[in-house]
Every structure is written in structure tokens, then in C-alpha cells.
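Structure in C-alpha cells, see below.
Chain naming follows the written order as A, B, C and D, and within any one chain the residues start at number 1.
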Amino acid sequence: MKNAGPEMQVDIGGLIIKNPVLTASGTFGYGSEYVPYLDITRLGAIIAKGVSLEPRAGNKPPRIMETPCGMLNAIGLENPGVHAFIKEKLPFLRQFSVPVIANVFGETIDDFKRVTELLSESKGVDGLEINISCPNVKKGGIIFGSDPDMAHAVTREVKRLTDLPVIIKLTPNVTDICLIAETVEEGGADAVSLINTLTGMSVDIERRIPHLANVTGGLSGPAVKPIALRMVWQVAKRVKIPVIGIGGIMNASDALEFLIVGARAVQIGTANFINPSATTDIIDGIEDYLKRHNIDDINDLIGTFDEEGNAC
Amino acid sequence: MKNAGPEMQVDIGGLIIKNPVLTASGTFGYGSEYVPYLDITRLGAIIAKGVSLEPRAGNKPPRIMETPCGMLNAIGLENPGVHAFIKEKLPFLRQFSVPVIANVFGETIDDFKRVTELLSESKGVDGLEINISCPNVKKGGIIFGSDPDMAHAVTREVKRLTDLPVIIKLTPNVTDICLIAETVEEGGADAVSLINTLTGMSVDIERRIPHLANVTGGLSGPAVKPIALRMVWQVAKRVKIPVIGIGGIMNASDALEFLIVGARAVQIGTANFINPSATTDIIDGIEDYLKRHNIDDINDLIGTFDEEGNAC
Amino acid sequence: MNGKIVKNQQISAGHFLLRVTLAESFKTPMPGQFVMMRDPGRIDPLLGRPFGVYGFERSQEEVTVEILYKVVGKGTLVLSRLRESDFVEVLGPYGRAFDTYPEAGKVVFICGGIGVAPITYLAQHYRSLAAARDVELICYYGASKAENLVGIEKLKRICSRVFTSTDDGSHGFQGLITERFSADISSYAAGSSKIYACGPRSMLKELSELVAGNSVFCQILMEERMACGIGACLGCTVLLKDGGGRGEHARVCMEGPVFNIGDIHWG
Amino acid sequence: MNGKIVKNQQISAGHFLLRVTLAESFKTPMPGQFVMMRDPGRIDPLLGRPFGVYGFERSQEEVTVEILYKVVGKGTLVLSRLRESDFVEVLGPYGRAFDTYPEAGKVVFICGGIGVAPITYLAQHYRSLAAARDVELICYYGASKAENLVGIEKLKRICSRVFTSTDDGSHGFQGLITERFSADISSYAAGSSKIYACGPRSMLKELSELVAGNSVFCQILMEERMACGIGACLGCTVLLKDGGGRGEHARVCMEGPVFNIGDIHWG
């Protein structure tokens, strides 16, 4: 029995999670790294670091650089490949009775399909997040996410091969994110998550070279929050499937902004680096807010934004 | 005779300016506001607040909100209209023997054309910056800037009506800014300037209302610098016309990043609000850097970025 | 310009008195004018924050500016963490000052919460102006509770009468200060009285209704978020009534922060 | 965890000694381990900065961590502005420690610049380990000039011999510390000597060439920009030689910061 606390459970495209706070892919490793620093069992779900069909070495260092209220990363999707993920990482992730969502990356539609099949067969995964938005790889990633037809095709193909809830992760580096969101909704996506990082760069003026070996990287952290929030608001008004908000969420107050404008859940990324227990602190903070505002069920808060509220 | 200092003069599409530091439209009023705080005669050029054919009242307050290392604005292009601009603002602006660039905004192509004609006839303006990138107005602005055909059409029509150098100001809220830049280059633009603001928003979680009456606003300031720099680098590699870099430049070091990746000049926006003499401080800082690096002419620095410099 | 903090002291929960010394080139602020303050070591918060001047002194080599502020968000929190001998950036003084009338009969101040700060500086100015003259300074000061009536002792030294109100009745009248003021309103005749007010928008709006239809002189200090503080960004506007003479929007930092109460469009 | 600053003192131009007290639950760092530090009142700078532990003490109720740092950018600048009784966030200790051998014959430390900090903590550890044993601690310490040989007195108290070099010859040998070391290298036989080094990448690379082909034990502490410090972001990798056993990339924060010198791919 839950004691007095507000109801925090939400449904993200068929996946019922006990609260709306998830870890963002690539910022929580494969879970094990954070075990010493927080009670993982409290998370809504864990989204693991992106996996591809084959192992990937990732980009050369330097891979990260700090920027004003943000950071650039160009990891380049370093990962041991889907086979090793299933064998070596999943068993560990499963032990916390927290839903595990795999983040899937491919250079081709076939890659996406193969990884989806393998993960679905493995039976250890509760949902898939399809990363069509990584800015840090030469092939795949963002290319799929910025072209509605490609985005639609990936979604449709992936959905055909799995019974797992499929979340499509969108890139903000587009003219009209609503269009992409609508297209993947049509393609059968169970939910969309946004935003992935914004492409940026930083220059060492003394040596006139890029700070990152990859030249460009993905911008994340508080700096991007206003952009992420705007996109989440726009997309949540446009599509019927659940929207998961991501981007610069550092604390409960930030998370609440996303929920209020219509996000069904949120993912915490860069904040984990600064405060390893950011996710559970945010869960606590959301609960406190609900209590303070006498809201019994978080679903009664989601999407209650009063757009006209500040217009004279 | 210049005493010993490095050569700072650059050519932006036929407009020769004595140094590459300009004020960004909308952040320097009509010049008069800053007279008490800096030696305006030292500026490379002044870009005035955007003007439209008819006077515009702008958006309702609240119009601004601070965000992490940045700010949102939704002024909505409040301005007295081109006639009043020519009669009341231009004479003042002209007295400093600094080139004056008018920033032109229209809701329709005809608006852009009329304002261009009137400004060209007025003989008081040294260049035009065509704002096809304002995110804070319901009609015009960003719509033109995010559609290559529209961007091309505005450019072509404007160029046809004026002998003044025409700078097209681009929006970052697009999938492929290089495509737009290329298109306006084809359309006859003498230069491009980028970036205008990124669309963002911010929510008051206690009242569940937007912080801005307009709901969304344009994000500027240090937060956006990595994105702006990336776009300037990409565009400078793609087009032959000069590129003017804008976005989050707070000091000489930031300005130098833009110059190194290929910007022929820079515009200083939000920084003016924090430090009214930001522009002249930046001019001094660039000169110091050139001296320290024994560079006699700033044109020998521009575009000297070594992309491979940090790749092992 | 950078100033050096000589004092940044909590005077009641969440309320601080900040005293800064600046180069003597800093201009003497008129009552109602404000300064923009920032921690120069940060770009987050990015923008300066406007504060009415609370006190000012000029000596041979330097000037001292005092502000009284309440911690309400990031900018004021960061300010409250600065300590003696830290630097703080102070730009200004900016904005349109209150119009003052040495020959005034009754001068009435109405302040809500931290609105007391600019009002106190104005009252002080009147006191010095009117030292030898026949001016009566009367203040109405409301706050949520007794502890939040910050700076009331100073006000009492300046004004001949200070009426207070608190939401919880812990000091003075229980209720809004505008209610308390409305009880006395008939004693302030249009010809011989001047009213000045500063406080939350809701208080000023209430006041505008109280004095509407009455031709009494009433100036108020309006607060809005600001970016530049010098009229360049158009970020800080308030709406004026149509035909207010200055167009629909007025910049709080330039046309204000002081406005004639009748000019404001309350929305 | 938040710690309280008891001292943050400039000990030479741009170099600071920071001493922080923390709750006693903070684990005892092994030599070579590091902490991530942040000003908890800021999100700009955003990320923690890694610093090797320089000193550590444990009492009944609390522990004290010392770091020695050089101001090189925004993060260290902000750290240098914190003062006594301010809070600072300290996460850790993180990372793989140096392997130590109480039975070692000659233990050689090579440090360049601020690399002296983690090396000093290691030397101290050796001294305490080996108090009664037959171990000789020898240090080579290079810096740009004499003033930058920070903490040299402490090193001298710990080691039996300390050789120095400076770029300008203002202290010890004029030239690089690796040059100075190479003059003695033949006296450090593979079987009976252990070499530990920390310093700029160029110094470590130089050293790798000096000891290449020699089977002497040599561990180094590598520095890279970090985000998480705990292995989650994959941001801090260095390249290892193929077949290094741990794949192409190794995380400085997890597989390091201590590496066997022979494993690094210098590029």
C-alpha cells in the first residue's frame, strides 16, 4: 500500500512506470556506475547507453567540453554492440525490478531492424527508444531524424518487428519537430522523446583548433532547457501519443515545467554527472510539489499549462 | 596614419568597415541609448533596431525572461515604422561617421520591398540587414527564413530595388542553415549574418503559466554560443559571400572563436545589456590578441581554423 | 562600474541591506532612480537586477550607495551571498525620478513590502528639502507580518506619522495597506497633497482605483523585469492607457520607473 | 557531499592550497585517486573538476581533504574565489589508485608542474608504509621557474632526494625534468625500482620513450576533461595501444587515472 503520497504512476505508450522520472541514454552508463550513489529501484525506468549492432569504438578524445551552462559531447556512440549488451549489461540492469529501456542506434534501417529483433528476442528489455537523433556519428543517427520519410520508415520497420513499446527519440536540429513527431506517430510510434542534443562547437583560440577531436558535439545541460521545453510543448499539442521531455533538467522545478506543458515523463541527462542522485532528488521534489498543491495524481498536473495565463 | 596597431578593416559585401565589431539589431536601440556609455565612433558599424513599414506596438509584457546563461525575449519588433525611423532616428545615428545598417522586417514580400526602397531613397543608410528570422511575430520573419524558396524570393526582390549592400539575417531554427545560406547567396545576397535567436520558452510552475505573454521567445546570450559558432563555421565553409557571426558573444575571446572559424565580422547583442561598452572592449581585446600573436591584419586570422588540429 | 561591498547584512529573514562604495564619478541618484546590480564574476545569472536606491552618501573620494532588498530568486540569492570586500557591478543611476514639490502640504507615502526602499529615499529627500518648511510626511506601510516591516525605524525618524498594516495583524492594521489608507483618503485633498507609492502590482492597481476620479497627484514606481536598464532592449515595458501620449508601451527603465498612476493601463 | 572550506590559500602566484572538512563517511582516498569539486551555488561552471588528493586526515567526527591546484580556467578560478567557511561539493574518492609495493627498493617520482599534488600524496603513503623498511624515495620535480616548484618543502621532508629542473634555470637543472631524469635512468634497474609520474602529457610521452624497451615498472597519472567522474559518460577516455586488453578507449576516471605507461597510445 502506498502511504498517503500522491499517485506518480504514468503510462508511456503501454509501458506503465511507477513515476515519470527516467535516466537519459548515455548519461547513466549501464546503471552499474550509479549503484553506489542512489537507490536505483526508485527510478521510473532506466534508459541505457545507446547500442548498435556491432561494437563501436566511438570518437577520438577529447570528447567533451564545457560551455556556458552546458556541455558538448562527441562520444560517438561507443558501445560493446548489442550481443555484448544482452549478455553482459542486461542481466545487471534487470536486477532492480525497474523497467529497462534499450536505446537503439543504427547506421542503416537494417541495423535498426536487427538490433530491434535481437533485443526483442532477448526478453530482458521492457521498451525500446530508437535514437534517430545522434549528432555525433558520421552515418545514421540525425540523418534519420531530420527527414520525415526516413523517420517514418525506421519507425514502421521497427514497430513491425517488436511487441515492445517503441519510443522514437527526436532531434531538435530541425525546422519543424512537430512534423517529424507527427510522422513517427503515423508510423506507429508508441511515444516520442525529445530532445536529443543540439549540434554545437567550441574553439581553442590560442591554437585555433576545435576543442573536440570530432570538431562538433552535442550540446546538453541547462543552456538548452528553454529550447527543449518549447519543443516539448509544441509536440505535446500536436500528437496524441505520450511525449517524454528531455533537455537541461537539473531539478524538480525544471522537470515540472516539462510535465506542465504536456510531457508524460521526463529524462534526466547531464544532471546525473553533477549530482549522481539527481533522479531520485527530482522524484522527491515532484512529490513535494504535488503535495503542496494538493494534487493527488500526477496525471492531473500533466498538460495543465495555461497558455493565456500571462497575456494581459 | 594608424599607429603601429594591427589592420582591423574588413569588407562585408562591399561595405568596408574599420573593424569587424557591429552591434546586433534590437540590442543597441537606435544608438542614442548608448552614447553616454561608450565611444560610438569606434564601432565597425551600427545595426539599428528592426524597422517595418508601419509602426508596430510589439508584444504585450512580460517580454523578457532570464534563463541559464541566456535570456528569452519576445519584444515583437516594436518600432515606430520606417518613416519615423528615417525622420527621427537616422539623423542622430549618422552623426558618428560610423556606417549605419538598417534592419528590415516585413510581414510580406511587398513590405520588405517598400521598406527597402524607402531606406535606399533616404540616402542615410549604408547597408541593409534583412531580418527573415524573427521568431517573435505571428506573420513574416522566421517563415521567410526557414523556407529556401521564400528566402530566395525576398533576397532577389530586395536586391533588385537597392544598390546598398544587402545582408540576409538567418534563423538557426532550421534543419540545414547551409541550404538557406546557399539559396540567398544565389539570390544575390552580399553577405549573411547568423544567428538570430533560437525559439524557447519558460514556465512559471507555481501558476502554470508562461513567463512571457507571447508564450515563446527568442533565446540569446552565452547559452547559444556553441550552436551559433557551429552554424557560422558550417556556413562559412559553404558560401563565398562574407558571413557575419552572431550569438552569445560576450568578450573578445568569444568574438575570436567566430573570426577563426570564418566569420568576416561579428555582431554583439545581449552583451550590450550587461556591459554597455562591450563592443569597444571587444575591439580592444581583438587588437590585443592580434598583437600578441603577431598578426598584422585581421584578415590573416579570419578562417584560419585548423579543423584537424585536435584529432589524434 | 565595480563597487566594493562594505556591508551586506541580513536585517530580517530574507531581507538584506547592501552598502557599496563606488568611484566618486558615480552620479548622485534622484529619488525613484534605480541601479542595475550584478555579480561581475558570473554569467549565470546573466542580467543585472534593478534596485531602487535606499541610501546615498558622497565624500571627497568616493560615494556610498545603499540598497535594501528581498531575496526572491536567483539574482537576489547570488547577491545575498556576496560578502564584505567582494566586488559588485553597479550601473546607473537610471530612470526617471519622482517629481518632488518643496511647497507641498501633505506628502503621503504608500509602500508595500520591499517597496519601502525607494520610498524611504524619497522621504529622506523630502525631509532634507523641506527641513524648514511646512510639509507633513505621512507614511502607510504594509507587509505580510511585523518582521517584514523592514526599515520601519528609519521611516519613523523621517516621517511625522507612520501607519502600518500586516496580513496577520501582527503589527498595525490587519489587512491591506490600501484598505488602511482608504480610511484616511478624504483628508488628502487634491490641491494640498502629493501621493507616492511603491509596492506589488496588485497594491498599485488597488490604489489606482482609490484615487481614480480624484485629481490628487499620485506617482508610483513600477517594477518590471529588465535586461539593459537604459532603454535599448524594449524588454521592460508596461502598457499605458491609449492616448497616454507616449504610445502604447512605455519602458519602465526610461519613461519610468516612476509613472503618474493615471497613465497606467492595468489590464 | 558538501564540505566546508577551512583554508583556501594562495601559496604562490596562481597556485592554491585548499583544505576542506567533510563528514566522516567520506572514504579514505588511496594515492592516485581523485575528487570532483564544484561550487554548489553555480551551474556555470556546470561540471565538477577533478583534482588529485594532496593530503588527507581522519579524526573522530570528520575528515579533512587537501588539494593543491593551479588556476588555469573558469573552474579553478571560481574555486580560488571561495573562502573560509564557504561550502564546496566534493565527490569521490574516485578512480584507480597507484599500485604500491612496500618491498620496493628504489621508488622514483617524476612530476611536472601541478602533477606534484597526487605524487606528494603517493610519496607520503610510501613513507608511512615503508617507515621501517629499506625503501629509498627519490623525486624529480620540474616546473617553469623556481616559484612554481610548489610544495617542494613537503616533498623534501618525505623523500630522501629531490632533484629539480626549471625552464629558466632558476632552480636546479635548466631544462625538462625528463632530461634530468634520463641522466640517472641507468641507476634504476627494472627489478628493484618503481617509477611513478604525473605531469603534462608531453612530459609523460617523453618519459614513455625513455622507459620504452626497458621493463621497469612505471605508472602514470593521466589527466583528461571529465563530466561524471564515475564511468558513465565515456567523456574522459584516452587511447590505449591495441591489445591493451581493455579495448581501444579507456576511461581516465575508471580504468585510470593511473595507467601503466606502456599501455598508452600517445598518438
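Throughout what follows, a contact is a pair of C-beta atoms (placed from the backbone, for glycine too) under 8 Å apart; a residue touches a chain by one contact, two chains touch by 3 or more.
Values in this document were obtained by computation on a predicted structure and should not be read as measured data.
Student: Give me the two chains with the most inter-chain contact pairs.
Tutor: By number of C-beta pairs in contact, the leading chain pair is A-B.
Student: Relative to chain A, which chain has the most distant C-alpha mean position?
Tutor: C
Student: On a C-alpha centroid basis, what's the spacing between chain B and chain C, in Å?
Tutor: 36
Student: How many angstrom lie between the CA centroids of chain A and chain B, rounded to a whole number?
Tutor: Chain centres of chain A and chain B, defined by C-alpha means, are spaced 34 Å apart.
Student: Report the inter-chain centroid distance for chain A and chain C in whole angstrom, where each centroid is the mean of the CA atoms.
Tutor: That pair's centroid distance is 46 Å.
Student: For chain B, what residues touch not just one other chain but two or more?
Tutor: Counting only residues that touch two or more other chains, chain B contributes 60-62, 68-70, 221-222, 312.
Student: Check each residue of chain D and list the ones that touch at least two other chains.
Tutor: Expected reply: 43-44, 239.
Student: Indicate which of the five shapes (line, ring, star, complete, other) describes how the chains touch one another.
Tutor: complete
Student: Along chain A, where are the residues that touch chain B in the complex?
Tutor: Counting only chain A, the residues touching chain B are 60-62, 67-70, 72, 146, 173-176, 198-205, 207-217, 219, 221-227, 229-230, 233, 248, 253, 256-257, 260-261, 289, 304-307, 309-312.
Student: Where on chain B is chain D touching in the complex?
Tutor: 68-69, 312
Student: Per the contact definition, I'd like the list of chain C residues that touch chain A in the complex.
Tutor: Within the complex, chain C touches chain A at residues 43-44, 239, 267.
Student: Residue numbers of chain D touching chain A in their complex, please.
Tutor: Interface residues on chain D, with respect to chain A: 38, 43-48, 74-75, 91, 224-239, 247-249.
Student: Could you list, by residue number, the parts of chain A that touch chain D in their complex?
Tutor: Those in contact with chain D are residues 26-29, 33-34, 37, 49, 57-58, 60-66, 68-71, 73, 75, 78, 221-222, 250, 270, 272-274, 276.
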